[in-house]
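Written below as structure tokens is the structure these notes are about.
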Amino acid sequence: MKLGIIAAVAAFAAVTGLGAPAAWAQTIKIGFITSYSGLNGNLGPYMERAVRLYIKLHQKELPPGVKIELITRDDTGPNPDKAKQLAQELIVREKVDLLAGVVFTPNALAIAPLATEAKVPFVIMNAGTAMITTRSPYIARTSFTLWQSSYPLGEWAARKFKRAYTLVSDYGPGHDAEVAFSMAFKKGGGTVVDSVRVPLQNPDWAAYMQRVKDARPDALMVFVPAGKTATAVMKTFEDLGLKSAGVKLIGPGDITTEEELPAMGDVALGVTTVFHWSLVGDRPANKAFVAAWKKEYGQNEIPNFLSVGSWDGTAMIFEAIKRQKGKLDPDKTMEIFRHWKFADSPRGPISIDPETRDIVQPEYLREVRKVNGQLANVELEVLSKAQKDPWKELNNKK
Amino acid sequence: MVLYVIAVGLSVTMGLMGFVNLAHGVFAMAGGFILSYAMARFAVPFAAGLLLAFVLVAAVSVVLERFLYAPLYAAGELAQVLFTIGLIFASVALARFVYGTASAPVFLPDHLTGQVRILGRDFPAYRVFLIVFSAALIAVLWFGVERTRWGAMVRAAVDNRAMAQSIGIDTRRLFTLTFALGSGLAGLGGALGADILPVHWGYPLEHLVYFLIVVAVGGLGSLRGPFVAALFIGIADTACKYWVPELGAFLVYAATIALLLWRPLGLFGVRA
Amino acid sequence: MSGYSADTRVRWTEWLPWVVALAAFFALPEYLALGARILIYILFALSLDLILGYAGIITLGHSAFFGLGAYTAGILSTKLGINDPFLQLVAAAAAGALLGISTGAVILRTRALTLLMLTLAITAILLEVANKMSSLTGGADGLSGVQVNPLLGLFKFDLWGKTAFLYCLAVLFIAWFFVRRLIYSPFGAMLTGIRENTTRMHAVGAPVYWRLVLVYTISGTLAGIAGALLTQVNQFVGLNVLGFEPSGELLVMLILGGVGRLYGAFIGPALYLIAQDYLAKQFPEYWYFGIGTLLIVIVLFAPGGILGLLDRLKPWLPSSRPGSSARASAR
């Protein structure tokens, strides 16, 4: 598949190189910072592939003579000083028109002041802590916030369960998920039996699960970084007999991402989550997106939620380019971002909240079931058609 | 307890052989990958997969030992530390290239899953199995080191290599074999623990500190040291997480520091 | 590795790093962000070289001082509103010194694996504390909004990184001057003695233990200053300044340049960071592999690092300068 990327990039370069009209070829430079190496940072390819695929499929929509140059940089994981240095160089050396990407919250926060000072629009395609968009008027986010998924989850859970226990990883998104869920759950009349925050580097969940078991809740709400941590939690959940004791495992969709489901196995069946997108979501735009992905990158490759955030972010950037005919003015770009609406997102109709510059999107209630012999997050109902970020709503933040 | 099986291998290489091998986690990771792959691709049964992990990792370690480790036996701690760090970096990159970023799924045989009832309380069956297995392992190893000629030879060779050679012990082969044993044990540990500690490309780095803690606290040159240390740390860690979860891993580090200051050679360390 | 030299005059080659730095400032204005980062890591490597190269203490926990210094500067600004850059530096230095002497006094009684483990445990604990006390440190999200007043009231920290670069250069210069004096003093001679033959030093009656604590404290102070510089330049601190990774990476940088050579600490970080900047862009996934292999190769074939290799080339160069001492001296 790596060869595939190289080939795709080479082809793309050849096409743009050969096809660019001579006269006034305008290049829009996008500084794309994400994580390719490093222990926690290897989600970069999911994002970059989405951006490149969108560009490839839609570049004919660009005004004549306009092309996009994607300059990628590796921040090697949650390293804010490195991210800042890279952003600084992209602005000063490469003179990028836009910054985009970023997996981790601290990196986004470190770059924010630069975006403001240099007036460079910054499209966040993943980092999910609620307050990020408040850090700079030049930030717009197309990914998600934990409040958007966990608050509706809490509302729903309050209708079904009386006692819940929350178990989250001890970092920004984890705190957001816990507070959001608890607030909504309690408002709905439920009782949060206990809330535990677990260090990120935690090899063994047995002790925590035992504690949960002894507390006998009806539901266990979990949030951990997507991937192997989620698998470890699932397995321990079953190992310690919580599943057979009737405790229901729920959480935001990060805990059952499609690429990790095969490793979890049947243990994950029945886990209910709330999220803005699933691979098997029954929408034409989604089916087209997944099909295009498989066609480009291989039948066994699948996109994940980072890809979706990046895909939509690129669509938003395209809108700004098209409306300004390739001549980007930072403030005009932000105005366009603010009022952007997109009906063809793989997740359903989305838009940007003009006041907060954050994503407004549908939230689905899903359950892990077997579809054609494979585990998948099946969407059961739409909990919210256009969910704004509850944290900003409740706290009046912009 | 998973830590023990992996760490006892480390105690063999570090303690018996005096080589600071930080890259031990790499062998554990390899064992985990082998088990996962064998079970998934070739439908190898669990027990056979464990054996395969042990044997293959030991075999590969022989090659590494011959060409890379051996020149460094006399080189001093810094060189060994640096070399093994380099090995870790190179290996994790290789693991990522070969296997990708996902973790290696391992599905335990049914008779090892679920719960068992012991003295009226439910315990996860697999963890009980691990404890029993580790205890058996240490018994076998102890017997091997204390009571057999091989054990005596190893101890002699480590104490005074020149002297041991002069009385006809082939220290070269001995070290290679011992290293293979230690690494094989690491592979076995990684495979055994793969269900609880998912094996993925960053595994050696992620758990480096834990392995080192177990060996340092247990004491170099001792086989029961790491067992007791792993047991102790496991219990302390679990208890802390259960009763005072806000402290997280803090207690383990604090306890390590306290223990090492009280007993710098580790609980059972015997190095002069 | 080098030994003590009685010749304390500054050789002309020793002015090279500063000339190069100033040249870079004028010739490469677009790379100053990277430049400042290199300078900070040179200072950090210098502090490590003091204890590793000269005193022979192997540590994997040096990031503890770096991180402590970084957070001290950050917290001073965000929580106490103290934005004066020099005060922040002083506070970070003091914090580094305090940590150095308190931990050094305790752990330097041990050696080898135990010492290594303890250094790791200390930085691990600091990482845990920083993570947990998020009201103070920002936790995993990091501490943002760090403000640094313009230097001397005039020079603001600008987008191009000009002020940052010269600021770091100045601090590094002062530190280098200090370290150089230290190494060439009788104190430095004693450190080399301790490293080469501890038993004999004990026999000679040298207060080995306290000397080690002293140099550990000095090293901690310098590393703390380096950490503070990082915070000031980026106006941000994250958890990535603590833990095993920065310590391990620094070790690699220093080994690359050459341990115990004073200038290994200059060459190593510069080469490493420049290579990373260039190569990691092209082949990010292979960076770890390259570094790992490089480290193995260095250990097996070139334990003196780059400077060690250059040393070996020396006999092939035209004749040496008159008046240089017979033994190889720190370059």
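Going by the order they are written in, the chains are A, B and C; count residues from 1 in each one.
Just so we're on the same page, contacts are C-beta pairs under 8 Å (C-beta built on N, C-alpha and C of every residue); 3 or more make two chains touch, one makes a residue touch a chain.
These figures come from a predicted structure and were not determined experimentally.
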item	value
Of A-B and A-C, whichever chain pair has more C-beta contact pairs	A-C
Farthest chain (mean CA position) relative to subunit B	A
Mean-CA-position distance for subunit C and subunit B (Å)	33
Between subunit C and subunit A, distance of the C-alpha-averaged centres to the nearest whole Å	37
Touching two or more other chains - residues of subunit B	96, 205, 246, 248-249
Set of subunit A residues in contact with two or more other chains	39, 42, 170, 199
Of all residues in subunit C, the ones touching two or more other chains	128, 132, 285, 287-288
Of all residues in subunit B, those that touch subunit C in their complex	14, 20, 68, 71-72, 75, 77-79, 81-83, 85-94, 96-97, 205, 208-209, 212-213, 215-216, 220, 246, 248-250, 253-254, 256-257, 260-261, 264-266
For the subunit C and subunit A complex, residues of the former touching the latter	30-31, 33-34, 37, 128, 131-132, 139-142, 144, 159-161, 230, 233-241, 245, 280-281, 284-285, 287-288
Contacting residues of subunit A [partner subunit C, same complex]	36-37, 39, 42, 44, 72-74, 76-82, 84-85, 88-89, 91-93, 105-106, 109-110, 112-114, 117-118, 129, 135, 170-172, 199-200
Subunit B residues within the subunit A interface of the complex	96, 101-105, 107, 113-115, 122, 124, 126-127, 195-198, 200, 202, 205-207, 210, 237-242, 245-246, 248-249
List of subunit A residues in touch with subunit B within their complex	39, 42, 170, 196-199, 201-204, 206-208, 210-211, 227-228, 231-232, 235-236, 238-241, 259-260, 262-265
